[in-house]
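Input: structures, listed below.
Next come two complexes, and both contain chain A; in the first it sits with chain B, in the second with chain C.
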Partner chain A sequence: MEDGSRRVAELDTGFFVRWLTETASAVDREADRLTELDSAIGDADHGSNLRRGFTAVTAALTDKPPPSPGAALGLAGRTLVSKVGGASGPLYGTLLRRTGRELGDAATVSREELARAMSTGVEAVAALGGAAEGDKTMLDALLPAVRALPESFTAARRAAAEGAVGTVPMRARRGRASYLGERSIGHEDPGAASSLLLVAALERSWEAADE
Partner chain B sequence: MKMLINAPERVVEDALRGMAAAHPELVVDVENRVVIRRDAPVAGKVSLVSGGGSGHEPLHAGFVGRGMLDGACPGEVFTSPVPDQALRAAAATDSGSGVLFVVKNYTGDVLNFDMAMELAEDEGVRAARVLVEDDVAVTDSLFTAGRRGTGGTLFVEKLAGAAAEEGAPLETVEALARRVAGACRSYGVALSPCSTPAKGGPTFDLPAGELELGIGIHGEPGRERRAMMTSAEIAEVTVDALLEDLGDSATEHPFLALVNGMGSTPLLELYGFNAEVRRVLAARGVVVARTLVGNYVTSLDMAGCSVTLCEVDEELLRLWDAPVSTAALRWGC
Partner chain C sequence: MSDAAGSGAVGVVLVSHSRDVADAVSRLAVALSGGTGGRLVAAAGGAGDGGIGTSSELIVDAARRVDRGAGVVVVADLGSAVLTVRALIADEDDADGDEAESPRPGQAGVGTLPPGARLVDAPFLEGAVAAVVTAGAGAPLADVVRAAEDAYEYRKL
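And now, the complex of A and B:
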């Protein structure tokens, strides 16, 4: 179904907890594929690292149910920073923490507000990693997704999917794949692939709210 | 791929339990993944703390002890530690004289140690950082994450560790560590890929009869693949890559040389390779003052080798010869 056009998107804490647990399930399902992508141009641990992190996120959300959307993202971000390590821990941790901070204490937020907050979060990731669109990183999925998010969750997921596939012909300029030079061409970036899982989980969480 | 493990997710924890059992002179916090020397904090001494992904043993925990590191924090296999670990190692070893973090230049290590630095300063620990970026195979620094930290890490940790042991203040130890990091050049070659426990098999394909030049220490493929060469030919390629980067300064000072195994190349082959490396260096007019041969900065079970050259003066040579007592390096005491 197409989302958003038929009703105003008011996203509550339940939506955000569902988003994070949906992401955790997707990461768990796709961990081997992420690791496989990472072994082509990286160091073959992206799936197992994110699985460890998001498993801890799910546990933390159950342990300490967050009072607001912003608190849910803050808790998830802090958990990723303290459990994942590598580059993906600080990068995904920063994305969620900064997005959460932008949302403040609001009990519900609109999709447009989420898009603005996520945009700030993605900019923080770009600053931390020193990367830009086209460098064959997670940003190549996240930036198009955030631009499409005001339209609908489905549009965001499609944009992220196109962005992830779009990393295949790119030459990596940041992260461990950059050491390969020309030989990084022809492989999908594992960070863009995991970012698509995060964005796709947004759409699923929204559909679940409808049921 | 058969591995001597219980389960992939327990590899680091099991190794730390074993390290604790073998080395009573170390305090091993298995749960929090921190290894410190038992006499830490040492009064009046700057603390040296390093860490990084596991899979490079004996780096870093094997270098904890008198004359080298005060603390180490191992991450998951090939994954940098989290900020909490580095903070814990710093706080447990700081005598009040400050902490120097030795960080290999990888995006994850830099991000996590930067966060640890901020947390340490929040807790009143004076902290500084030195970045090791010695891998000359990464030529295009503008279009990559920069040169990787590899074998040069051992020289930074040994020489700065010796200076700290002598009581040098933080600013001096930091400046010395930076000078050593700038004086190191490394180049590595893989004869086989490595197998990570998480993947359970090789991280890339390397056909029989070929070798990979310019590899890092994370099982990532290198920059160029060629038909297999002899030890003498590999030494030529390796030394030339190092000397090209060093330029004219290569014949002005003596060097420390590390001929390092990547994990599954026998010492018999490494010593043979060292003979070839020394022959090529001599032919190019380069003087080697001290040599270390062995598996020190490894990449799990990868076959292959790397060579690190570290340009030294009399002061650095004296610090190299200074006593060291760790699980993996021990002399003079």
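And now, the complex of A and C:
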């Protein structure tokens, strides 16, 4: 499996726990910015809701160390659905649970397998919220990221970043922001911004594993 | 089904972002059912801390309180209330998914809704009244669902 220059991505449970705790740190750091984005077109609770959720995720992972990558994502997803009192709980909860379920109980997964599982997870988010790409939602960051993930973690992060910025000129068609119609144009979607944090944490966790 | 409020009656859960709204709509629906729906309906309003939001724990608790084995109908208001119920029902649908164990009370994780819980596509207040009145009259699950969803058809002009 070794190619001598770059090891093949085998992602173990430790990687997934690191991904989730990295995401928790990023959400904690960026909570005020997320809430500010949400106060422009939403109900100004995205940062605080996600912070509460991911703080609980970190605690759950410490409290009950998961036996596999799939179990880590399942635990995180259930915790988010349980602890977040806003739409981000069921949406991110569904993303992680569904991705985790696709991974099954494998001890390690490849980046390609993660990309396939996440793609199913993102489809479940789209079905739950009844949204599509271009509706100015988290999907506008997640879908390009998942498409780029087979290439590299860095490519996925770049795609998510472009996708998040790309929501600025969009008109919201889902969620509370959709009531604003034209006035939702000109603001970055908070869900796309937090999705970028999740994907960027993936890249950081991989780099940490590389050291 | 003569024993409408006893075993075998369909339960109704009202999920609103606001505890006040869920409680008040529950009282209104019970009053309009002539009191027959009183034991069949449970309100799950607001976030866990009493503020505005949605609490999956309150929803699951409420559903378990009114579950008498004949099914539970959930009426939700907006956004995260709808998404949370849909996520909980998806959990129920794949209960054999990630670690099928039910989380213990107070532990991180989501308890599951009773089997056969249904989210209805209905306006909150009108759907709640229709569901509680129908359930209070002893109707089976399919009829309670239909009554709530028919509430979209009541024109006011």
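Brief remarks on what is shown
We adopt the following convention: the second predicted complex is superposed on the first by the 206 of 211 C-alpha atoms of A that agree within 3 Å, B and C clash if a C-alpha of one lies under 4 Å from a C-alpha of the other, contacts with A are read in each partner's own complex, and residues count from 1 in each chain.
Methods note: a residue touches a chain if its C-beta (ideal position, glycine included) is under 8 Å from a C-beta of that chain, and two chains touch if they have at least 3 such contacts.
Note that this is a predicted model, so its numbers are computed, not measured.
Look at chain A after the overlay: chain B and chain C clash there. Of the two partner chains placed by the overlay, chain B and chain C both lie in contact with A:81. Contacts of A:91 after superposition on the shared chain: both chain B and chain C are touched. By the touch criterion defined above, A:48 lies against chain B but remains apart from chain C after alignment on the C-alpha atoms of chain A.
When both complexes are overlaid on chain A, the residue A:166 reaches neither chain B nor chain C.
Of the two partner chains, neither chain B nor chain C is touched by A:190. In the superposition on chain A, A:128 makes contact with both chain B and chain C. Using the contact criterion defined above for the overlaid structures, shared-chain residue A:144 touches neither chain B nor chain C, since it reaches no partner.
Of the two partner chains placed by superposition, only chain B is touched by A:39; chain C is not. Shared-chain residue A:176: touches chain B and chain C both. Counting contacts as defined above, chain A residues 45, 49, 81-83, 85-91, 128-129, 175-176 meet chain B in one complex and chain C in the other.
Chain B meets chain A in the complex at residues 8-9, 53, 75-84, 106-108, 111-112, 115, 137-138, 140, 143-145, 148, 196, 198-199, 203-204, 216, 218-221, 223.
By the touch criterion stated above, chain C contacts chain A in their complex at residues 47-48, 51, 53-57, 79-80, 83-84, 86-88, 90-91, 94, 97-99, 103, 108-110. Contacts from chain A toward chain C in the complex involve residues 45, 49, 56-57, 59-60, 63, 70-71, 73-75, 77-79, 81-83, 85-91, 93-94, 97, 100-101, 124, 128-129, 175-176. Against chain B, the residues of chain A that register as touching in their complex are 35, 39-45, 47-49, 52, 81-91, 128-129, 171, 173-181, 183.
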